[in-house]
Each structure stands twice: as C-alpha cells, then as structure tokens.
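Data first, discussion second: the structure below is written as structure tokens.
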Amino acid sequence: MKMSARNMLKGTVENIEEGAVMANVKVKIEAPDIITAVITKEAVKDLNLEKDEKVTVIVKSTEVMVGKEE
Amino acid sequence: MKMSARNMLKGTVENIEEGAVMANVKVKIEAPDIITAVITKEAVKDLNLEKDEKVTVIVKSTEVMVGKEE
Amino acid sequence: MKMSARNMLKGTVENIEEGAVMANVKVKIEAPDIITAVITKEAVKDLNLEKDEKVTVIVKSTEVMVGKEE
Amino acid sequence: MKMSARNMLKGTVENIEEGAVMANVKVKIEAPDIITAVITKEAVKDLNLEKDEKVTVIVKSTEVMVGKEE
Amino acid sequence: MKMSARNMLKGTVENIEEGAVMANVKVKIEAPDIITAVITKEAVKDLNLEKDEKVTVIVKSTEVMVGKEE
Amino acid sequence: MKMSARNMLKGTVENIEEGAVMANVKVKIEAPDIITAVITKEAVKDLNLEKDEKVTVIVKSTEVMVGKEE
C-alpha cells in the first residue's frame, strides 16, 4: 500500500517501554538520531515489535513543525 | 526553551511551496532523507524561512507511527 | 507493511478538491458515511488518486475523539 | 455545538481499557468496523463512558491519511 | 454533545483568511491571546463562521506540547 | 528558537499525573482556564516539570478545531 503520509524513515527498534495502554518506542533512524513514537501497546503486539527489528517511521506532514534559531 | 516534543532533527530548507493559507516545506535532514512539513504560510513569513537555511524539524511523539514489513 | 495505526477503513474516492498546497479528499466508506481527508496535493499526485478508486482511510488512534449526547 | 471537525461517525462503545493516564476505547461504527480512540482516562470519567453506549467518533480531517494498493 | 477533548476555550473570531482548501481562523480568547486554527474552508462555510462571532476553540490534549525556559 | 507553531500560551503547571508511559499535565493559563497536555513521562523528567513552574503551552494550528453554538 502506498500512503499519503509524506514522511517515511527506515530505522531499527532501539527500545520499547510499555505502559497499560500506551508504549514508547525508540527507533534509531541514522546515528545519532533516534525517533520517539508513542503508539498503543496493542499495536506493539499486533506488529510483534521487538528490539533490533527493521521498521519504518511514518509521520503525516501536517504534524511536522519547523524551528529556527534566532 | 526546552520542549516536551521528543523529536528534533536538524536540517536544511530544500524547498518552500506556498499556497494561500498553507506552505509545503521540504527539509533535508541527512542525505538522502527529506522531511515534509506542512505549516501555515504565516509561519513561513514569521520565521523568515528561506531555501538553504538551517532549521530544526519538530514532531510530538504521539504523532509518530511505526510500520513493519510483513 | 503492517502499521501501528489502529484505524483502517476501506472506501472509494468520492471527490478531490485541490488547492495550491493541500487537497480535500472525500472517501465514501459505507453509505451514507463519507470521510474527509485533508492531505497534500503532492500526495494526491504521488498516489495518482482519482474519483471512484478503492482506497484505505488511515487514522492513528491518538487522533480520535469521542463525543456523547447529554 | 456545531464543530469544524469534518468526520463524525455514530457508533457504540465496544470496550474500554484503562491505563493510569490514557484509555483505549473501541467503538463499533458499523459491523465489521471498529474504531480505536485513545483518549484520557479523565475524559472517560467525565463523559461517564460505558460499554454499549451510543457515542460519536470525531476526527479532524487534517488527521486522516489515505492509502492505496499498488 | 459532551466531548473527550479536554481543552475548550471560548473566544471571538478575529479574522478569517481563506485559501482554496484551507482557512486560517484567528480567535481572540482573552486579550491579548489569539489562537490560530487551520481548518477546512468547507468547515468555515458549514459553520457560517464570521468575524466577531462567539466560538469555542477545541484541542485534544494529546496535541498539546509544553515548553519551559532554561 | 522560533517555531512554526502559531499558538504559545504562557502558564503555570497546576498538576502532573504520571502513568507508565504518558503524563497528564494541567497548565493554568489565565484564571479560570486550564489547558490539559498529555505528553510523555520522559518529557516531564527531561524538562524537570514541577507544580507551580512557569511554562509555555504550544499547539500547532492544524490541531485546533472550532465549535459554534447553533
């Protein structure tokens, strides 16, 4: 499936921390950058996500902000 | 200011395409990755964003999804 | 690719209205329900979206609100 | 109150799973579709949400993505 | 309808700037604060939004970030 | 750093409720308004957020909805 989401970065699962409902997933996209994704614990199970797996990080472009040093 | 947003990637403005209300800003974060940010045209003016400028791309972690090849 | 996004609904493109940067895409998921997706015009082109095509509407669960009549 | 959010689907609460801060609410909108909403536990209490209640699922159109089989 | 969205601020429409698909709506919530909402032009028409009208600004709490001066 | 996010409101941390992964932060912006931000527990630690601290609440304008009484 091709998606309208404009941002897809390949990376590796670095760490997964689970709560009761949500999970904090760290994905190393390219050293030294790590992306944090907060997704449902249900999705972690459904995708069978584990440390060191190859994943794709997806972000809709309307969710991306830009900052600039003054 | 330090922000709660967990994802901040430094990059360079590659292209800006403006509509009447929104603007599509391409930020090269690390070759060959380019991030697309859709922000208001008003923000482009307020930050005085121009091609080749150093910026930071910011994404709240609840906005990040994860995909995995089956 | 399997995604962490919990909500995927199959439907048909009903209408596409394009602006300079954004596009308003109407997807009929099941009569009489129509979902509105505002995505970049760039994505409409990249996916080669056209009226009457079969698509999947995707929504991350942290973006879904719930309302209840009082 | 009339809202700018373009997507409102009537449905029934199927299940509520609560964590310390967040809650995962399953809403059956039309068999066999179920929408997952991750909202605060505080909202679940404030709306007094319970299984089998009639609710409306609300999604802002800028949060909706579109996927298409290749 | 009572909503799961935790943030609702009453205010007055200060300005509406329309593009082809999106509209930038300025809402004065309490002098001197003005909230910017980017919503579809379609919603502006559907709500018949006009300058000086009383509206409510709604934000889901998972969309709110926090910053702190260092 | 100057940000593309159009909405920044100064306020004071009123309460922090932590779960395993997420935290619900109440920020009083101007009596009687309180903004709810759901951010990662990790961010609460990283910013060293505590009750009564001065913070800035940040919201991207594409995340803001508008409601109007009928």
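Quick notes on this one:
Every chain is named by a letter (A, B, C, D, E and F) in the order it is written, and numbering of its residues begins at 1.
Here, a residue touches a chain if its C-beta (ideal position, glycine included) is under 8 Å from a C-beta of that chain, and two chains touch if they have at least 3 such contacts.
Small disclaimer: the values here were computed from a predicted structure and weren't measured.
The greatest centre-to-centre distance from chain B, using averaged C-alpha positions, is reached by D.
Both chain A and chain D derive from one sequence, and where they touch, under half of the residue numbers involved are common to the two copies.
If each chain is reduced to the centroid of its CA atoms, chain A and chain F end up 22 Å from each other.
Put simply, the C-alpha centre of chain A and that of chain C have 21 angstrom between them. Shown for chain C are the residues in touch with two or more other chains, namely 1-6, 19-22, 24, 36-40, 42-43, 47, 56, 58, 60-63, 65-69. A complete list of chain pairs in contact reads A-B, A-C, A-D, A-F, B-C, B-E, B-F, C-D, C-E, D-E, D-F, E-F. Against chain C, in their complex, chain B makes its touches with residues 17-24, 36, 38, 62-63, 65-70. Of all the residues in chain A, the ones that touch chain C in their complex are 1-6, 37-40, 42-44, 46-47, 56, 58, 60-62. Those residues of chain B that touch chain E in the complex are listed here as 1-5, 19-22, 40, 42, 60, 62.
Of all residues in chain D, those touching chain C in their complex are 5-9, 24-25, 27, 29-30, 33, 35-39, 43, 47-49, 53-69.
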